Structure formats: structure tokens, C-alpha cells
Amino acid sequence: MKLAEMTWPEVELLSRDIVVVIPTGSLEQHGPHLPLFTDSILATAVSEAVEARLGEKMLLTPTLWLGASGHHLKFAGTLSAKMQAYLGAVESVVESLIPHGFSKFFIVNGHGGNSEPNGVAMRMLKEKYPNRQFGHSGYYTFAEEASRDVLTGPFKGIRHACEAEVSLMMHVRPELVRQSKLRDDGLAPEPSVVGMVHHFDEVTEEGSLGYATLATPEKGAAIFEAAVKGLVQNISAIADGYVFKGL
Amino acid sequence: MKLAEMTWPEVELLSRDIVVVIPTGSLEQHGPHLPLFTDSILATAVSEAVEARLGEKMLLTPTLWLGASGHHLKFAGTLSAKMQAYLGAVESVVESLIPHGFSKFFIVNGHGGNSEPNGVAMRMLKEKYPNRQFGHSGYYTFAEEASRDVLTGPFKGIRHACEAEVSLMMHVRPELVRQSKLRDDGLAPEPSVVGMVHHFDEVTEEGSLGYATLATPEKGAAIFEAAVKGLVQNISAIADGYVFKGL
Amino acid sequence: MKLAEMTWPEVELLSRDIVVVIPTGSLEQHGPHLPLFTDSILATAVSEAVEARLGEKMLLTPTLWLGASGHHLKFAGTLSAKMQAYLGAVESVVESLIPHGFSKFFIVNGHGGNSEPNGVAMRMLKEKYPNRQFGHSGYYTFAEEASRDVLTGPFKGIRHACEAEVSLMMHVRPELVRQSKLRDDGLAPEPSVVGMVHHFDEVTEEGSLGYATLATPEKGAAIFEAAVKGLVQNISAIADGYVFKGL
Amino acid sequence: MKLAEMTWPEVELLSRDIVVVIPTGSLEQHGPHLPLFTDSILATAVSEAVEARLGEKMLLTPTLWLGASGHHLKFAGTLSAKMQAYLGAVESVVESLIPHGFSKFFIVNGHGGNSEPNGVAMRMLKEKYPNRQFGHSGYYTFAEEASRDVLTGPFKGIRHACEAEVSLMMHVRPELVRQSKLRDDGLAPEPSVVGMVHHFDEVTEEGSLGYATLATPEKGAAIFEAAVKGLVQNISAIADGYVFKGL
Amino acid sequence: MKLAEMTWPEVELLSRDIVVVIPTGSLEQHGPHLPLFTDSILATAVSEAVEARLGEKMLLTPTLWLGASGHHLKFAGTLSAKMQAYLGAVESVVESLIPHGFSKFFIVNGHGGNSEPNGVAMRMLKEKYPNRQFGHSGYYTFAEEASRDVLTGPFKGIRHACEAEVSLMMHVRPELVRQSKLRDDGLAPEPSVVGMVHHFDEVTEEGSLGYATLATPEKGAAIFEAAVKGLVQNISAIADGYVFKGL
Amino acid sequence: MKLAEMTWPEVELLSRDIVVVIPTGSLEQHGPHLPLFTDSILATAVSEAVEARLGEKMLLTPTLWLGASGHHLKFAGTLSAKMQAYLGAVESVVESLIPHGFSKFFIVNGHGGNSEPNGVAMRMLKEKYPNRQFGHSGYYTFAEEASRDVLTGPFKGIRHACEAEVSLMMHVRPELVRQSKLRDDGLAPEPSVVGMVHHFDEVTEEGSLGYATLATPEKGAAIFEAAVKGLVQNISAIADGYVFKGL
């Protein structure tokens, strides 16, 4: 169910076992070849495809598109949420619905930089509402195997404006891919240091990270379908209920 | 220019006299006949129509759809931003762009409940950045005369899921209007008291306020065009520069 | 009843239908002819006159004189509350009284810049305490007709250190009006742009806005009386109770 | 100089060696015999008397009357500032004046419960503006010797609605003292435990603490004069400048 | 009982009359002769000695070592908690235990700069949980008489890296005292001004304040024992319960 | 270098290429067999061992022991930092040192629940100070290979009060391990759902997660040494400097 298009009496009638799904994206630089809205476009497209298959098991909210993108702010056009505003937006969505009895919330994330903030937000909510269920995951988590299978460049996962992400955009919104600007970037040898926080202007030449020139729409379609399939299974299981020890 | 679809090098090339336009909407109950996303749909549609006419004078961001809707929270499905999260989102957008030299910001608002928070946000930003320009207005401010001309019910302005708003939705997204559910509501005689803050469950029967049954797509088209025309003129004037005393 | 002068056992005995009235003012520049405390002096004087007529229907708190005056900070002497401190002060007053059963709160505002913050504060409180009643209004809202009648300059409402405000001060605290410094200011043609946030150093020469030289104590007395009369009626109606649909 | 009564051009002309004096009070229960505003009335009266003697060495702001009175909230009528609102008010006053070159700030406190928050506020400001001077003290600090001399009850200092405070009110605002309600309270033997935070409903019968029945206006006059004299000397020394080692 | 070394089932079995004791210290400059951790070392040592004597009457948490040390930040190595982080740490400790039924909390403080923040934190907690007991005190409060007896320099109390504090460190952790660097400092004549907030770089030459050269381990032992003895008595009384009037 | 034991003039002399290392732990339930302070003990022990080898390349702060442990709060004795207090503590440490020229900061984490908050904190700091270097990692990240080699139970990594963690405690503080209470727990089949946030009372019987009964001190020694070795190499590389593209 798409929350945005429903009326309040229709929402009132929904089963409270439904999983509220909140896509999170970003509006941030994706090199010279992908549009700023890439992460939001992909998180939305995947989530809508999942919703199309799950129907009354899933209540899809609009995408929280203003992501945590401080590491891209040196590139013009990036819009980054201050941390408190990011956390507050997730909390606002959840806490508007809890008084009406909704109790299962899952974030489908399309931007790596949101991952830790999503974790922090969901943990704060779980602490406040221990009897509700909260979860979050990147859509690409469900496409890891598919990515390894179809990607032909040296990186087998999803980086940033890379072979995988450009392929996905070629599949979903091909008219927004600047074909003539495709370039590989961020390929300097990695430092041997673990755990450092880097900004993209420190580690790339023009903002992308990976082998964009190898992207094809077919690769994108395969990764997309894997993500959708995995999410359908995951969200369906949450809706159906699953048992923990001691609960 | 639509920020979401641009790449960062394209943003880098823009004139810094461009007006950054931020639509603000809501996801809140609109009675049994309009979808929850009504305000966001309308603010977005108006803003996109303005952008189509203004081109390089205007940089349109995606719509901040999570509005300040505390007065509708008793109706299932409404998502309301906590005040700090709302203010923080507006600040995040503006403060991401200021370091890149953008200096003119204008909010096009589609939800009455956002009006005071928008004012507070813009004033806080003006206090912090006194040499930049900040403004905000409801799109319907520019359609007041047109509304008086075309509306046939007793209310000549825009209320909530009313003759005007339903007409606008019939013009913009007719498939989302529940024709069979149209109803007039909130018509009890107003108390003679000034300045009270009311929740919609206190003053309506099913959440709408006004004469929805009188709506037509033609009325919607006329109001829509007036709003677009007024905003084109206003934003164009900001882009072109205008002189205050003493500056 | 004046809260400041009461003892706690006397407060304990009050009817809980009483309306708690909170005046809000400012300490901000009012040109070369009016003192910084003008807004607080006027909001206090009007509120005290209302209290004198309403007796046990109204519980008057001292004036929250530290207003939201960021747009006047360029002028020496202005004291402006940070937004969180402003909102927090209003909340503190209300939330101190709610546990003792008081349930009707009304702000009488004397400074335009407080209007949006007052709205935000009252809406946050209403969201937290939906069964209590909250309202706010400028005292001048109740004097609009009287202002149109008595003002002789081109502006028929209240601006800032203008014909109306100077007249009011001549009526209430004439010794604080600098007669020899009276000047008209801020009279440059208005730009044709709607919705912009301006600082007073951008739009005036010496901080006032309007035709101060036309002020008389008689005009002030007429406006003052109209404001008091309107507020007496409004607050009395809140105290007596009034019915909404569906409540 | 009284800031409230000045115009901005007059403030502009002041010496920046002037000491900005901010009185802090409360609106809190003072037993059945003193009004809620007692602390604010006394802090204001003392500060105004100091200002009358110091003239251009001291810039007096209005009293921040909304104090930190959480320990009195169980008594109806008490208004207590949330901690952030209290700290924010002090910061707002100081940070409005610093950009105009004022650099010496001193709080004259009339309410014991404000003492720690005043210390915290002044320390936060000193950390942010290390080259400015900040201080705070209760007015009664300067009257300790006089209190020991004139008080005849067993407590030789100032408690709460006690011999000293009632005497001061008899001196300053005798019409607000409920003579027929004077009572001694809070006289139970003190527990032998150090450092506990107590609420006044835990340790008194009707909210006052001390020997109110022993109060006289003469005692009040003596204490008042001592406080004024001490503050005049202290603030004068700050205005004149005094040298630290190493600066 | 030492909380850090217990398991959760052991905590579960404790009496809820036990007093939770939270030591607060600092990591801040102590002149050229004492280590940065001095306050934390001493608060911890005293608290552990008290715990050794009180056993099941006292539940000792680890030391909150990150103190409020803004007045020492000009000296390299000082770590100072932002005020909100400091208050939040105290609240976090208390509010983790309250749901499990613990109800008596006492801070043993080792750093003067924490005193006002501790007061603010405990008062905020008392306001939120009026039926629990909260207290705080410096350990040196209980050693004032002993200090007067044993100190031979002109200051008879505890200052900063002074005769008393160096003596205590000679008693507790002699290997950390830089004997060859001992110096007297901060001995310039005090200004005659009351209530000013000073930074240590303003009032000392190398960061210490007092007669460090007079320190001996014997003086330290005497002061230490007095502090422990006083705290044992105080905390024991809180554990045993003590009666207020009206409770 | 151990910051806690240094004096400020010694800190002043340090090279600014030194890496400031901040251990983060927790005080939270670790089943019936390990003490509440386990994570803090281990993070501290590992960090001190690293410091012993790195000398002037590393400046070790005391352990921030108050961790983000909301998921353990149902077990008595757990102390969990509110999120803002946790983030504020990390920021306070870093922002105290930055004005003195320190520019490389690395958190050594001993508690999984701190991982996302550490990431959020370090990213906020990097956004504010883009020219400094920030990193964070669990100490166990450097012991993954060693864990796979020595652990004999079915889990090859570190869970919670498990084979690995008990082994480490047997190596570091054997006297704190309750040998008679060792138990395997949390062994119910995992649900097939990805990304959910669980509290430990939902997924375990007595709070531990893994095969504690298989622990030995020898396994602990091997894992400990691997963590120390890996961290020595990593921090050494940060101290020595390493080059990114484009810097």
C-alpha cells in the first residue's frame, strides 16, 4: 500500500501487522555522470517494486530523500541533513504512526552514509518502544550475490556512482545517465589503514568511486531484481511474524 | 533547473543569482476524499510549473514533504515532523548550498501548518546570514484573487480538502480524488473567539473543512494558473535583484 | 488576578476555568524617538487594563519581555531571545501551571516578531496537551478598526515606532517619548516582492517604520481602548467556555 | 542607566567600560504571607537602587523574572523555567550585546535556586568569550554582616520567606505582605545529612523557611542598604577595571 | 559494592535502600607538578575507601572522569566536557538504574568546576523524580576541619594543585607527583571584586593555585582520612533513611 | 603516552603527529558469568598494550566507559548513555585538543553497540574539521583471523559474553570470571530476517550470546595479541602519515 495515495479512513482499516517501510536516500554528488538524486531514485524504485508484490503486507511511505551526506558537501549541489534533523525525521515518521497501533517499521536504505544514522535512529526508537519491531538495511544487502555474479570490473559490490550504481540507473532511469561523461575514478591504491572517515574530495578526482565505464542496463536489471526479491522475502517474514526466544 | 536531475559539475556552472526554491508540503489527512499527500502533490506541481517557465533563474529542490501536521495526528496515516526536525530540514538544505555561493532562497509552501515554522526557520537563517536573501509564501497567496473569482461556495479562499483544494487536485491528479466520498465538513458556526489553536478532530467531522462538493477541475485550473503566474513574477524579481533603502 | 502579587494558597483557590494570560513583548530598538521597552510597556499596559475589567476570569502573569528580535540586532541595545529560549520560556510558564489544573492559556502579544514563535509554541503545547485550550494574538488585532478610524497618515495599521505606536506611548508613558526626535522613516517605495524576510537596517534609515510625526495621545487612547475592549470580550468568552463541533 | 528606557542611539553612545547588570528573580511560592514575585521584586529594587547611585557606570536590564524554581513546583502558582530556557535567556541577553562592544556582565541574583544555573551560564559564556568579563552574585551576599547584626531570630542569614526576606518586603513593598498570615515554618530539626536536594514540600509545612514573625521594616531597611552599598562598590570596581596577574 | 565488577544477577539481588555513589572528577591541567588526572584519581580513591567500609550500603559506579573544565582549556591536555554532555552523563547513569528500583543517588565530587553542574543535574533529576533522593558534595567538604588543622600555608582549604591537593596525591599516588617541579603559584593579591568567573590562565603563572611546596604525605593522609570518615557517616545515614517533616 | 599521567607542560611538548587514541567501552550486563565492566576492561587493556609498544606515536586518553547500551537496559546494573551524551563525550574530548594542534584521532572500541554512534560522532567531527583525520574501529576487527583460528565453538567471531570474550577476560582479569556460572546462551535458531534491532532480553535467556563454556585463557591470549598487533600497525601508519589522492 502506498501511504501517500491513501485517505485516512483507508489507513484506519489496515491490519496492524503490516510493515511500515521507509525508504531513505540522498541528494548528493554522484560524479559527472549520475544525477544528484541517484540514491533516492534507486531506493524509491526498489521499494515501489517491493510494494507492488507485497500489497497489504507493506505500507510504503514517501522517501526521506534528505540524507546524511556530509562527506560529499565539498561538491556543489549536495544537500546534507544535519544529524539531528536526520534522526528527527525518522523518529517523526515512526512516532506519528505508533499511537495508531502500527508496530513494525523497516527502513530500506539507498545511501551508505545513512546506514549508521539509521542504526542510531532505530535503536533510539527500540529503546523507547521495546515492544515494537524496528529494522533497517540497504537494498543492496540483498543483491550481494547477484552483484558478484554480474559485475565484470574488479569491485564486486556497490561503491558510489560505480559499475553497479550506474547499471541500476541505466535500468531504472536511463535518460538521467550522462553516457558521454562516464568515467572510472577513485582508483588510487587504498591506504593500508583501517577505519578512517574520508571525504570524497580526498579520495576521488571527480566524485565517483569505481568502474562506471563497465556499466550496462542488463547488469542493473539483475541487481535490481535480486534486491527486490530479497526485500520481498524479508519484509514478508516480518509481516507474518517470527518468534524470538523468550517472547 | 531541477536540482535532483543535475550533476554536480552542472550545478557548479549555475549563476549565483539563481533563486533556490524549496517546496514544502505535508503528508496528512485530507478527509475521506483526498489522499494524504495532497499538499505535497500540489506544492510540487505548482513549483515544477514555475520552474518550467523560469529556467535558469530558479533552482528547484525536491519537496520537503514531511510537514508540521500536529493538528491532524488524531487521524490515522498523518505523518508530522517534530518541530526541531522540521526546522532542521530547512536549515540543512540552505546551509548545504551557502558555502557554494548560493544566496537567494525561497520556500513555496503548500500546507498552512508549515507557515509559522517556515517563518521561524527563515528568520533564524537570516539572523545567521544577514547578507543573504530569504523568503517564503504559500502558493495560494498568489491565487487569492483568482480564488475569489472562481469559487462558488461561501468560502472564497483555500481551507483544507475544500472546494479550492479538491478543484486543484481534480486539475493535477484527478485519479486520486475519491469522487464518491466528496463531502462538505467543518461547517459548524465558528466560535466568536480569536486566536485559538484547534485540532482538526475538534472542528470537523471527518477531517475536511469546506465545500468539497462544489469542486470542479476548471476551478482548479484557474487557481493553479494564477498561483504559477504570481510565483513566476515573484521569483523572477528576486533573481533579477531589487533594491532596498540603505543597501 | 495578578499572579505576581498573589500567594500560593490564593492561587490554589482560583477557578480552573480562569484564563491564564501571558503578555509577550520585546526589548528592541524603536527608532530615535521611542524607548527599547516600547512593546513590553504596551503589551503590559493593555493586559493590565484587561485584567482590571475581568477580575476572576483572568490570571495575568508578568510579561515575557525578552522577545524574538533578531531583525533588530544591528541596532545597539536590542536584546533578542534565541529561538529555543523563547519557545522554552512560553512552555515553562504553561507547563508549570498545567499540573495544578489550569487549562486555558492565551498570549497577548505586543511585538510582531513574536507572532510566529508564539504560534509555534502554542501548537507544540496543544500537540502535547490536546485537551487544553491555547490561543495567542497581538493586542493590535483587536484595534484594527479603531486604527483605520483614527490614524491620519497613509498607513492605517500598526508598523514599528510609527503613528500608531507612538500615539499609544503618548497615551501610556508620554514621558518616555522623545518629542524632539520624532521622525518618519522606512518610507521608501516597497519592492514588489512578496514574502521576503528583512532586517530593519535594510529597510529603514534609523529604525522606525511609518509616520511617527503624526502621532497624538488622543489617537493612542482610542486605539488602546479598542484593544482592551476586544481582548476583554475574547478572553471572557474563553473563560465562559464555547463549544466546538464534535467535542 | 536603565536600558529599557533608552533609545538605541543613546545606547550607541555609552562607554563600553560600562557594566551590564542583569537582575534574576523568580515567581515562586513564598508561603502564605509573601507574594509569588518576592524574589523578582527584591532583586529589581536593589538593582535599581544601585543604578541610581552608579549612573553611567552601570547599564541595568529588566529583570529575568522566570527563575529556576523546580523545588517549589508542588505549590500552585509557581512558574519555573526549564533549565535550557533559563540558560538560554541569560545567553540571549549577553550575546545580543557583545557584537556592539559591551564586555562586562554581572548578574544580581535574588533567588537561591538561580545561583548554580547562573554559574553554569556565566561559565559557558566565559568559555565562549574568554576576553570578556562575567560575574554573578546574590544581592544578599553583600548583606551578610548586616543580617547578622539586625536579625533577632536564630537564623542569621536569608532563607525563604523568612525574617530577613519578609523584613525586606516590609521595607520595599509593605502592601504586599500578608501581615495576618505571617508564620514560622520549616523549623523541624535538620537532618544530619550533607548535600541533599530537597523540595520545599518535603521540608516545610506551608512553604516558608524561617522566622517570618520576627520581621520588621527597620531590619529590612538595614539589610537593603547593606546590599546596595556592597553592590555599588563591587560593580564600580568592575567598571573601573582591575588587574589580574598575567593579563 | 563495586558495580563495575558485579554481574547483573548480583545487582538484581541488592537492597534498593543502597546508595548509588557516583564519583566525578576531571582530566585537567594541575600545574607542572601534578598529573592531569589528579581530580579523578582522588575522587576515585576516596570513594573506593568509603566503599570498602560501607559494603552493602553503597553501590559504587566508575568515576565520571570527563569533567567541566572550561576554565583550564588554555592549557594543553585538558579535556573538558561540553555542558550538555556533562549533564547527560549524570542523567544517563541515574536514569539507567531508576527503572530497576534504585532510589538514592549521591555524587562524590573531586573537582570544583563540577560543583554547579552537579547541582544543576541533581536538581533536574529531583524535579523529574520527586520521590527519589539525590545529593552531591565535594569529598573535601568533609575534610574542612582536618585541612585547617594540618595545613601550614596561608590557605587553609583546598585550591588547585595546592598544598592540600599535592599532599593528597603524595598520599595516594606519590609516583605521579613531580617533586622537582613543585611550585607556589596564583599568589598575586586577589582583586577586591566578588563573583567573577576567571580562567586559570588569567590568574596563575603555570596553572596551580596555592602553596604546593609545603605539601607532605602526612598532611595528605590526614585530609584523606577525614574525607573518608565524613563520607562514610553521610552515606550511611542516607542508606539508613532519615525523616523530613511532612513526609 | 598516557594522557592521564602527564602534566600540561609535557603535553605541550608532544609532536602534533601523535595519534590521540580514545578507548570506548560499556558498563552493561554480560550474562551471569562476566562482570558489567567487561567491555571497558578489554578496550582499556588492549589500548594500554598498544600504547606500551607505540610510545610517542600515540596519546592514550582514559576510557569513555559509559557506552550506548540501550539494548541491555532490561538487565539490572547496565548503565547506558543517552545518545546525545554519548556523542557529546566523544566530541568534548576531540574538541578540547584541536585548539592545541592535535589533528589525528582514533577510537578503539570494545562494545558493538558503540560502533554506529562512534561512526556518527567521527563523521560529525570530520564534517566540522575536514582537514583533520578521524577513525574508529573495534579492537576485535584486528583479531578476526586469529579468532577463526583459535575458537573451537560454532561461532568464529566475537558475540557477547561468548567463547571469545570470556577467553579474553580469562587472559586479562581471570579473577572476575565467574567460572561456576559459565553458560551457553542465545543459541535459539536465528530468524531468517535481516536487519532487525533486538534487545538482549528478547534473544537470550540470561544475557550472554554464544559458547562461553568453551573459553580458555590461551584462546584469550591469542586473540588479545592479534588485536594489539593489528592496532599497533594501524595507529603507527596513521602517525607516520599516509597519502590520499588529491590531497
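For reference, chains read A, B, C, D, E and F in written order, and residue numbers begin at 1 within each chain.
The criterion applied here is as follows: a residue touches a chain if its C-beta (ideal position, glycine included) is under 8 Å from a C-beta of that chain, and two chains touch if they have at least 3 such contacts.
Note that the structure is predicted; figures quoted are calculated from it, not measured.
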item	value
Graph separation of chain B and chain D (steps between touching chains)	2
For chain A and chain F, chains touching each	none
Chain separated most widely from chain A, comparing mean CA positions	D
Chain A-chain E separation of Cα centroids, rounded to whole Å	48
Chain A and chain B: spacing of chain centres that average the CA atoms, whole Å	27
Intercentroid distance (Cα basis), chain D paired with chain A, Å	56
Interface hub residues of chain A, defined as touching at least two other chains	73, 80
Cyclic ordering of chains (reference chain D, direction chain E)	D, E, F, A, B, C
Interface residues, chain D side, partner chain C - complex	3-12, 27, 29-37, 40, 61-62, 64-66, 73, 75-82, 84-85, 87-89, 91-93, 95-97, 99-100, 176, 178, 181, 206-207
Partner chain B, residues of chain C touching it in the complex	68, 70-71, 73-74, 80, 83, 106, 113, 116-117, 119-120, 122-124, 126-127, 130, 133-137, 141-142, 186, 188, 191-199, 201-205, 230, 234, 237-238, 242-247
